[in-house]
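Next come two complexes, and both contain subunit A; in the first it sits with subunit B, in the second with subunit C.
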Partner chain A sequence: MTSVAASHQAASTNYVGESVPRREDFRFLTGTGTFSEDIKLAGMLHASLVRSTLAHADILTIETEAARAQPGVVAVFTAADFGDDEMGTIPTDWTLPIMDGIPDRYPLARNAVKYVGEPVAVVIAETRAQADDATHFVDVDYVERPVVVDTEAAAHEGAPLVHDRYERNTSYLWHLGTGDWEAVAAAADHVIDLRLVNQRVHASSLEARVSLADFQIGTGTLTLYLGTQNVHVVRRNLSIAIGIPENRIRVVTPAVGGAFGSKLCLYPEDVIVSAVSRRLRRPVRWAESRAEHFTGTSGGRDHVEYVSLAADKQGKIQALKVTTYANLGAYVSGMGAGIPVVSGMMFPGVYDIAVADVDIHGVFTNTSTTETYRGAGRPEAAYLIERAVDELAAKTGIDRIELRRRNFIQPDQFPYANATGMTYDSGDYEKALDKALEMIGWDELLAEHEAARSRGRIVGLGLSVYTEFCGFGDSHQLQLVGFDRATWEQSVITVTRTGSVIVQVGIDAAGQGHETSIAQIVATELGVAIDDVEVLQGDTDIVHFGTGTFNSRSMSSAGTSAALAARKIMAKANRLAAHLLDVDVKDLVHANGVFSAGSRQLSFEEVAVEAWRGVDLPDGMEPTLKEIAVFDPPAFTSPFGVHIAAVEIDPDTGAITIDRYVAVDDCGNLVNPKLANGQIHGGVAQGIGQALYESLAWDEDGQPMATSFMQYAVPRAHQLPRLETGHTITPSPVNPLGVKGVGESGAIGSQPAVVNAVMDAVRRRGVENLDMPLTPAKVWSELKEAAK
Partner chain B sequence: MIPSAFAYAAPRTLDDALSILAANEDDSKVMAGGQSLIPLLKLRLASPALVIDISRLDDLREIEETSRGFKIGALVTHEQLISDGAITRAWPIVKDAGEDLADPLVRNRGTYGGSLAHADPAGDWPAVALATDVVVHVRSLRGAREIPINDFFTYLFTADIADDEILTHVEVPEPAPGTVSAYVKIDHPASGYAVAAAAVSLVIDPHGTCRAARVALTGVGTTPLRSVGAERELEGGVIDDDAVRRAIEHAADGIDVTGDTYAPVDYRTHLIGVVTGRAIRRALDRRL
Partner chain C sequence: MAHDAMTTERPAGSHRVAISYTLNGEPVSCETDPRTLLVHHLREERNLTGTHIGCDTSQCGACAVHLDGRAVKSCTVLAVQVDGCEVTTIEGVRGQEADGLHPVQEALRRKHGLQCGFCTPGIVMTALELLDSDEPLTTEEVQHGLVGNICRCTGYQNIVDALVELSASESGSTDD
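After this line comes the complex of A and B, so read on.
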């Protein structure tokens, strides 16, 4: 059997490593994508929430009669209208084994409210406007209780309690580390101490959250449409909260306008619309306002950290001590409790430090919950160690580049287990550092800065060298710390009769371009044109199992499982092609979609047809080309990199300008360099946002100070520098693609680089410390204070 | 982010608009470009029973050159103003402020007259209007009235316009010979509004003596206002480095400066001097 058609398919199908244009772009750039709020169902009702206006109060009564009488109002519900079996507490995905459980978090507050914005009642009406109007007629009678907002204050004995069931606000104290800090520090030549605040920031996605529930009484099934990073975790947790079994829940996530970790958990509103749809037997949609997004959707970071380093005369870091107070918010959300702990595991950063003594306090306050946000623990860690290392350099007088080189973990030390329990898969920090220094022209810039300073200008140069962890691997280790999500990812590949390829993956994109990058991997493995590969995600009825998009795991886990499923397809296709060409498999050649044995050839499509027909198969082979592969990563991957910023401060105003910004990131092998670069750009923008502009804060009464983009400063294009990016490539040894992950790196390397640059500028004028965001007023007043 | 329900009227003549306004003066809002009012409605910071949309009053859409200067109709957009060669040649300060005002979408819809009537204490046009010494014209069924800009801004978001009056146009005078002007703003990173901004207009005679100085500030108090201290230091002498230094030093004299978390009082007070100095220098750089 031989084919003429096959000879036409000789074009290269090696797509991995190419900057293939993102196939999602057309619909996103032309406004033809379907987002959750674009879905309209017949008979759909609209939900609007009455939210707590107080940060801490007991609820005496909730008067809903007047609201019920408003035009278009169908129903008004409070917690009292639902039993635990209909609207139960919201489960988390990560409860540390040392925690005394978690406080009950009912979707609608029962008896008490714990933060401003907590849902208290829900108004259901025929239109959104009617629902919004009627919420103003719900009257809640509260008795105010003492409020605690500051994390450190909340951790102190005698602070007002957020939850009556606990004797203190500290939910857990987790210790990490090895060795005797006290002894090492006592004998050390240098000890530095710093107090750092890693403020609360908010992902502020372009698309806020939307949740549309559709309960069908005929089948007893519930469909929930929402923008989420993981439809399967939503399905599981929703099942627990409302008592409908998982096999009668379908969760669909259409296009998502940004997530960044803020759309990973099940939220109260998701449960509320589901329970109400079931009660009213009509579809119910809730669409978040921007103000609700700032007050109700989880933010990230919010750590107060005390860090000390002990070093010898040569600047060799001998020991690290950290005490962290991490703000959990009023409840435990999704993965919120675990983030501070894994942050602690990254405190040693890229340095070979033998002794570590780390205490992490997870603390409740009367603020909204904290959760995963781009980097989730690693930005805090990188900021902490990189600020501390610069401080050590300043104290010892050792050049900060040289100091870093003296302490780097060396390439031959990998896999490297650090002193706080994390294992890094691979790294070569010198290589990335040398490249970044060369790109920015470090020595020339230093000289330029010296000259500028002599003319009275305030300029600075700063760097960060970071490593992080991605790809959530080693399920054994993670389950020991109470992680209650899977670590594996699955892919299913089906080849149709006409040779088109359907890939189902358990990840859910929020703009990353998975439909392109996964297709690149599969097309390369199968040797078919990328246009013949379609990637499906984000619907539990299409993809039955999955773990979702977070921790920059989509390439290392889903990419790998897709490659492994494709390899299974190819193994079968090879056997079938050999059978059809009547040769031994080992004598068959497969290249760019063509199977050949000597002059005889078969196209991939022709093999697909035979697999589908199933009449001429080798003994024992089942018809069809359809395979599943599940990949459970044996370990984390460890991307790393070096970011350098050059800044200038306006002495009149304290305003900071970033003149140059270089980012060299090593995320292992690159599947799509353009998309990887896009991830770096976005991450750096968010990191600079935290360094210079953003702060999600509450006043002492627990009232939010940022409820719109009029107060909350996400950087605009004109507030960002041109980014000069580069990569080194150190393949990961823990997955067959050698990829590490790139989604969060930019947000990890950037804050310390920028703040270190500013500190470099102001330290020589006597400023000892600055906390983010580095607002002009703060910089100006510190400079003024130091000049006194 | 949905306004509470309101009635809507879109009259086609000024007389109709004035009649509707007179009949509903207790609980209505006049809307021109809507770029300030609509966000307030959506945030429910304003909940009028009636919105009177005057955007169909085509007579108010023009910039006219008159013997005394320019007559700017109430519906002239920011973009229209900064694209007008005659006015920006006469008053470069208009281009300074207008090009830095919000974004192209807002500039294409928002109006100069609406900005003045809105009387935002951090608005750009109010400061420019003070520096250029405009006269605001309003009308009601009771008749027409003109208000010198110095008397126009009375409190936070409050101007001297009665509930039954509509701002019809603004007269911008032809600058006196030797006039130079400039606007310098330090904006809030989130809102883009002025944390502090200075609008400066100076009349310099051929000998270099400053015959008149108008220094207006925005973003710093309960209304846009004049810096009496800076003007006093500039008027009557040659503006050398020392005069600029004195103007900076006295720019905030007598002003009850607003403080907030982004810009505490001491910092904003300092910024008043910074923007005043920069605006003076920028204006002086424009001397022929």
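After this line comes the complex of A and C, so read on.
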């Protein structure tokens, strides 16, 4: 068979590396993007939760009669209304093997509450307002118990116990490292010690959480609509919690209004609406208020860290010692237990340090749970090592740039196994550092700052050089530390009769633009126009299997699986085209969607038609162009970069202005530079938010001090500097696309750069340490104190 | 703890109030409850879900709409207050061509001024009012004009750049 190729052969189909505009944008710009709360189902009921007003108490009685009598109320439920088979405990995705299990976490509290905001009862009514109103008629009788909130204090002997079943609040003590710190430190020329607090912060995506459950009595199937980063993990954990098999649960995530790690785990409310919908046989929606979001949805960080470095006269760092107290909250949520450990694995950062001695205490407190939040362990690690290295520079008098250069892992050392058990895939830190220094004009700025200081101004310049890990793998190593999620990602590609391409991919975007970037990869591989490629995700009935969007893995894992599935399609299409043109496969040429052998050509669509028809196929070939590829990454990728901030402090108010900000990030090959830059922008904004403004805190009684955006200060447009971004490109060797990941880098490099800049400004005025957030009041007070 | 959302769309046993107003150019006459907020009226009673609820406390601006041509946070307005007024929501913002984008929307798209898109309708409604000016806006003016809108994804820079550039072009300035 021969034919003339179709018309779209001329245009280039090499989309990877291009800033292709997002196909997602139109619907969000016009308000037609469907978010979870935009879905209405016939007969839908509304849930409102009665939550614990105390941080730690035994529940004596819960009186619900008065609430049941309120207008519009359909039902009121407490834990006593459900057996374990209907509303069981919430599973986690990561329990370390050394932990003595995890405390039972029932969606509705049984017998006791462990933090303010824990669900105690649920009111179901015809309208949301009726449900909200009726919650005030539920009367809970508590007996108060002692409360512990402080992360470090909770680990001490004699602290009030969060859980009776354990003798202490320390859930685990995990040791990492190699070599003899004591011996090295005793012989070292310099030893520095620093105590750092990496405060609790909150992703606070602008869309809070929503869960809408719809149980169908006829089929026994449950559909759960919610904003999540991983529909398949929700399906699995929900199945375990409520006893409906996975093949009768459908989880759908429509548009997600931001997630940043806070929408990965299964939450109590997801289970509650599912169990209630099954009981009442009507759809039930719960929509979180912002106050509930701050008190119930998991936050991140919350580590207290003691770090010491030992170095020789030249500033060569010989050893690192760290003791971390990491707040797990009142329970273990999702991946919460593992984050402090993988943080510890990144403590050496970009430096070649032979000896490390790291103890990590995972601690329970009477606060909401901690979980993955943008960076999840790496921001804490980068902050720790970069603050410590600046401290070492200050102590030794060695220039901080020079000190870093003397300690960098060198390009020929990769893959590099650090002293705490992490292997970095590739890196070239000098190159990124040189680029960043040039972009900001480091030497000129130093001179300007000297001049400014002589006029009494308080100015500072700071940098961070970071590396991190993305793309979660390998699976063997991770399962040794109890990681109970998959590391692979899968894609299925179907080519229809008319040559249009459907990609089903197991990740779930929350604003990253994966419908565009995955389409770029597949269109490039297949040599078709990008508009011919549709990317489907976020529905377990459409995409049957997947692992989800987290750890900046969507390009390295899902992008790779999509590319590999496309390559399988092309291998089959090539064989078929060669058969149709009656030539050997090796004599066939494929370019921009056209298969040719000499003057004879076949378009991609023509081959698709023949595959679909299935009449004229090579021996043994099955009809259709449909392939699946599962990619299990052999190792982590290691993005890296350099961030530099120049700051000025108002001596009268303590307010900090960031005058310049340069970010040079190396995330390997770029699929879509514009979207990658967008990720850096957003990450830096959140990192600066943590450095300067944000804190999720509780008072000593465990009452939350931030329950709205009036107390929890996310940055506004005028509170952020202009970002000057650049990239170096060091391809990852661990996936065929050479991508490393970019979603979290901005949040990792930024906090240490900003705080180091502020420390540079205030250290010479006698301030020895500052903990985030660097609020004007704190900075002003410390400056005043130091001046005494 | 104040965990209740400020949801008021349909209280128990209260009387209904008749209102008539113009919504996206079309006349609307209906009954609503006195305590129903405009945002809940729009989302639940008019099924216009492009207006979003982000914070319940008038901090985030995701619910911004136009009331008689001025941008307001629809969580601060009672539905009964719009009687006799003109209300425009994101669904009423369109470009010249069918299914086309308004220049503000187009500018945000061009500059990658949105990611998750949840704040975007509110940003568009705020920007429309902000750009209603004869003078080109400076970066600082746009930043401060957006002080009532939270975006947690973009870091604002691309949003601000889009609006500054659009403002310059609409004012006939050739400055970038």
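The definition used in the following text is that the second predicted complex is superposed on the first by the 781 of 788 C-alpha atoms of A that agree within 3 Å, B and C clash if a C-alpha of one lies under 4 Å from a C-alpha of the other, contacts with A are read in each partner's own complex, and residues count from 1 in each chain.
As a working rule, a contact is a pair of C-beta atoms (placed from the backbone, for glycine too) under 8 Å apart; a residue touches a chain by one contact, two chains touch by 3 or more.
Just so it is clear, the model here is predicted, and its values are computed rather than measured.
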| item | value |
| --- | --- |
| Which of subunit B and subunit C A:R290 touches, first, second, both or neither | both |
| Touching partner for A:E152 - first (subunit B), second (subunit C), both, neither | neither |
| Partner chain(s) touched by A:T775 [first = subunit B, second = subunit C, both, neither] | first |
| Dominant contact partner of subunit A by residue count, subunit C or subunit B | C |
| Partner chain in contact with A:E724 - subunit B first, subunit C second, else both or neither | neither |
| First (subunit B), second (subunit C), both or neither touched by A:H681 | second |
| First (subunit B), second (subunit C), both or neither touched by A:Y693 | first |
| First, second, both or neither for A:M710, with subunit B first and subunit C second | both |
| Subunit B versus subunit C as contact partner of A:A129, first or second or both or neither | both |
| Subunit B and subunit C footprints on subunit A, overlapping residues | 128-129, 132-133, 289-291, 708-710, 714-715 |
| Of subunit B, residues touching subunit A in the complex | 1-2, 4-5, 43, 186, 188-191, 261-264, 266-267, 270-271, 274 |
| Residues of subunit A that touch subunit C when the two form their complex | 21-22, 24-35, 37-38, 40, 48-49, 51, 53, 70-72, 116-117, 127-130, 132-133, 135, 203-208, 255-260, 287-292, 295, 510-513, 674-675, 677-678, 681-682, 684-686, 703-704, 707-710, 714-718, 720, 722-723 |
| Residues of subunit A defined as touching subunit B within the complex | 128-129, 132-133, 136, 289-291, 652-655, 692-693, 697, 705, 708-715, 719, 775-777, 780-781 |
| Parts of subunit C lying in touch with subunit A, wherever the complex brings them together | 1-13, 35, 43, 47-57, 59-60, 62, 89-91, 93-94, 101, 105, 108-110, 112, 114-121, 124, 140, 142-144, 146-147, 149-160 |
